[in-house]
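Labels for the chains are A, B and C, by order of writing; each one numbers its residues from 1.
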């Protein structure tokens, strides 16, 4: 990796002629989560990740060496912090990405895609989109990346471990009554997890019932009245990870809820709940243990 | 030559009552009617929300000023008095403040298009609030205070930019407003990029107007500022009537132009600052409501300023009720609703005049 | 009584008015005439405090203007100038009532009294606008609007009237009417008036006293017959004029003599 010789090109990339990074490459065709057929080189040494969860997966399957660029939010594992930063989908650093001459860019969102995938494709850089909505989607992403990066075995092994841990949790909470949970993304303004949020699936598996599971969207701004009327038995506060010290207090309308009165307010590392990666199973376990402590006594 | 060469078209405004001018009696009646309407709307909108409350019991509790629970459960009582009513009162304060500020700017700057939002004053207050959040996050008072400072600085910037040899013509004013607004918008965008994704989402929502903030301490302050501000500006209404016709005319007729200008700028900035600090930028209120007030009640500021205050309160209460019920239990930013109603309404008003 | 003593007004290096003095005596109409850029309007603006003089002083009833507050000045001096563009709907009555502002009991709040209404109505009658009291100002013709501006100035009951090109947009019938009203005020109420005008004949007809200005200086001052002479007018306006006496009124009548006429 010639990071030291990387040039930073000016923005407004011009169309270059066929500047394929390597010489004769054989490609395989894969279909990504957005239904796009992507031609991916068989051997990949240079990959850029534009999402923290994908960075974690890449390291977890042992392919960390091929990571040449990631986002400023990619902070786990610690090695990811030393990799060259190339912005993220909200603040793209297009010039840098192109200058690093990656063979593949992996993305974990379906938004704002058209804008930069086109730019990258004109540079003959393949873009692979993952869009995991739930835990199954995470396992699928791990397998996909395992295939693409030729680390199939590690991927399969990782998925196997994660599946058994998940199954253990689900078995433990099977006989319990689901706990009514309110997931508070932020207090003021009041945001929660809706139907399409990744964490809603985790809550269900952890033996909880998100009171906002039926609300449309992923992260809806929620009515204070409805939060109060929901009377949740437990409140989950994602905090301490990327969120830092924020979101550590329960929102005002929930102050008199059964959850607060019985002290069932659980602060869990937000990176374990929001990133669709291997640590999501950590989050699953933490939530399950909090919601059903008796089921894990043994 | 005939005595009147003017066209015999009907007056395009409706001056209720047959009088040719605004009298104390007219003002009193109009304000009484609007106040009654406001009270009615406050009560009615308290009965509406994302959670169903029994209408009869709610009405009973409201009319007892919260002293009696009237068969409401304690949750329902809390929803009514801890969440809905404070939010409605905040909406009234914000709407009244913004409409009064708009009416005063329009009179002082002789421009029917002068509005806190369009002139960039709301953005100035927003930048002030952002600075308060980032640097003085803990202190509750820092937000309205810095919002006021931001609004005042933006006002001064627009005024200085607009002042040419011939005074602040409406064209120069609008241009200055555009410059200040866009500049401050880019400042806001810049600071936003320094935030993380979660903060960005909630901040963007707030920027569009969000009345769900629950600062219990600041609500009485917001109401007090709205009331005091309206009273002070109405007290200067007679001067503003003359200033509306021209700075030179006003001066010649005895108005202390400099003093009135300072008072209006200070008080209007205070009104805008307190509104934005409480609820972000709720646009179009300061534009549409004073227009409607003048169209139906005449240009005399002694009536149109208090009428705008009451009308603005009404407007934002209704808009906010829509914002919190249309996609319940989710919420929309109230600024989006005021823009959706305000923009077409304004186009219609423009066509009429 | 309004008196300007040795007034000089400078904009940076440019001298707009240089050492001009004028006394407006009760019952008298004074006219200022001169070419464009003579400083006439600038001088007028200094007389009610709109502009501060660089040197010299303006005395109202013996007191310097700076020492008086706006309301006091507003009660005694009224200005009739080109009316600014009206951007808000306002009735004629409301417009004229604006002239009563300086008489309000408190500094800015308050409502018009019965007396205010009476004065406004009287003035509306005087300017023949009473039937139009309820109309909106922007529905009036140019001439009617200018009469309304005069009506407002008269409503202030000021003893000094300053008129800046009051007849600029009026046809001849209205020009005379307007100035006749001013004349009436001066004769019947002892007011004094200063009229800045381009129309030399109007000045000759109505003024008791004429001030001829050029480049900020007073060229001549005195009765119309003394000032409106062919020699002085040629020096100031650089045009040949014929001055004779109006056959009916006897006042000086000024007509310009063009090159083409001389062929005859």
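FYI, a contact is a pair of C-beta atoms (placed from the backbone, for glycine too) under 8 Å apart; a residue touches a chain by one contact, two chains touch by 3 or more.
In this text the structure is predicted, and so the values were computed from the model without any measurement.
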{"item": "Chain pair, A-B or B-C, that carries the greater number of C-beta contacts", "value": "B-C"}
{"item": "Per-chain CA centroid nearest to the all-protein CA mean", "value": "B"}
{"item": "Length of the line joining the C-alpha centres of chain A and chain C, rounded to whole Å", "value": "79"}
{"item": "Centre distance in Å when chain B and chain C are each reduced to the mean of their C-alpha atoms", "value": "42"}
{"item": "Parts of chain A lying in touch with chain B, wherever the complex brings them together", "value": "73, 90-91, 185-186, 188-191, 194, 212, 215-217, 219-226, 228-229, 231, 242-243, 252-253, 256"}
{"item": "Complex contact set, residues of chain B against chain C", "value": "1, 3-7, 9, 11-13, 15, 20-24, 107, 110-112, 170, 234-239, 241-242, 244-246, 248-249, 251-256, 260, 294, 298-300, 302"}
{"item": "Residues of chain B defined as touching chain A within the complex", "value": "49-51, 75, 78-79, 82-84, 193, 196-198, 200-202, 205-206, 210, 212-214, 324, 327-331"}
{"item": "In the complex, chain C residues that touch chain B", "value": "48-50, 69-71, 73-75, 77-79, 81, 83-84, 86-95, 97-99, 101-102, 104, 107-112, 128, 131-136, 139-141, 143-144, 152, 156, 171, 173-174"}
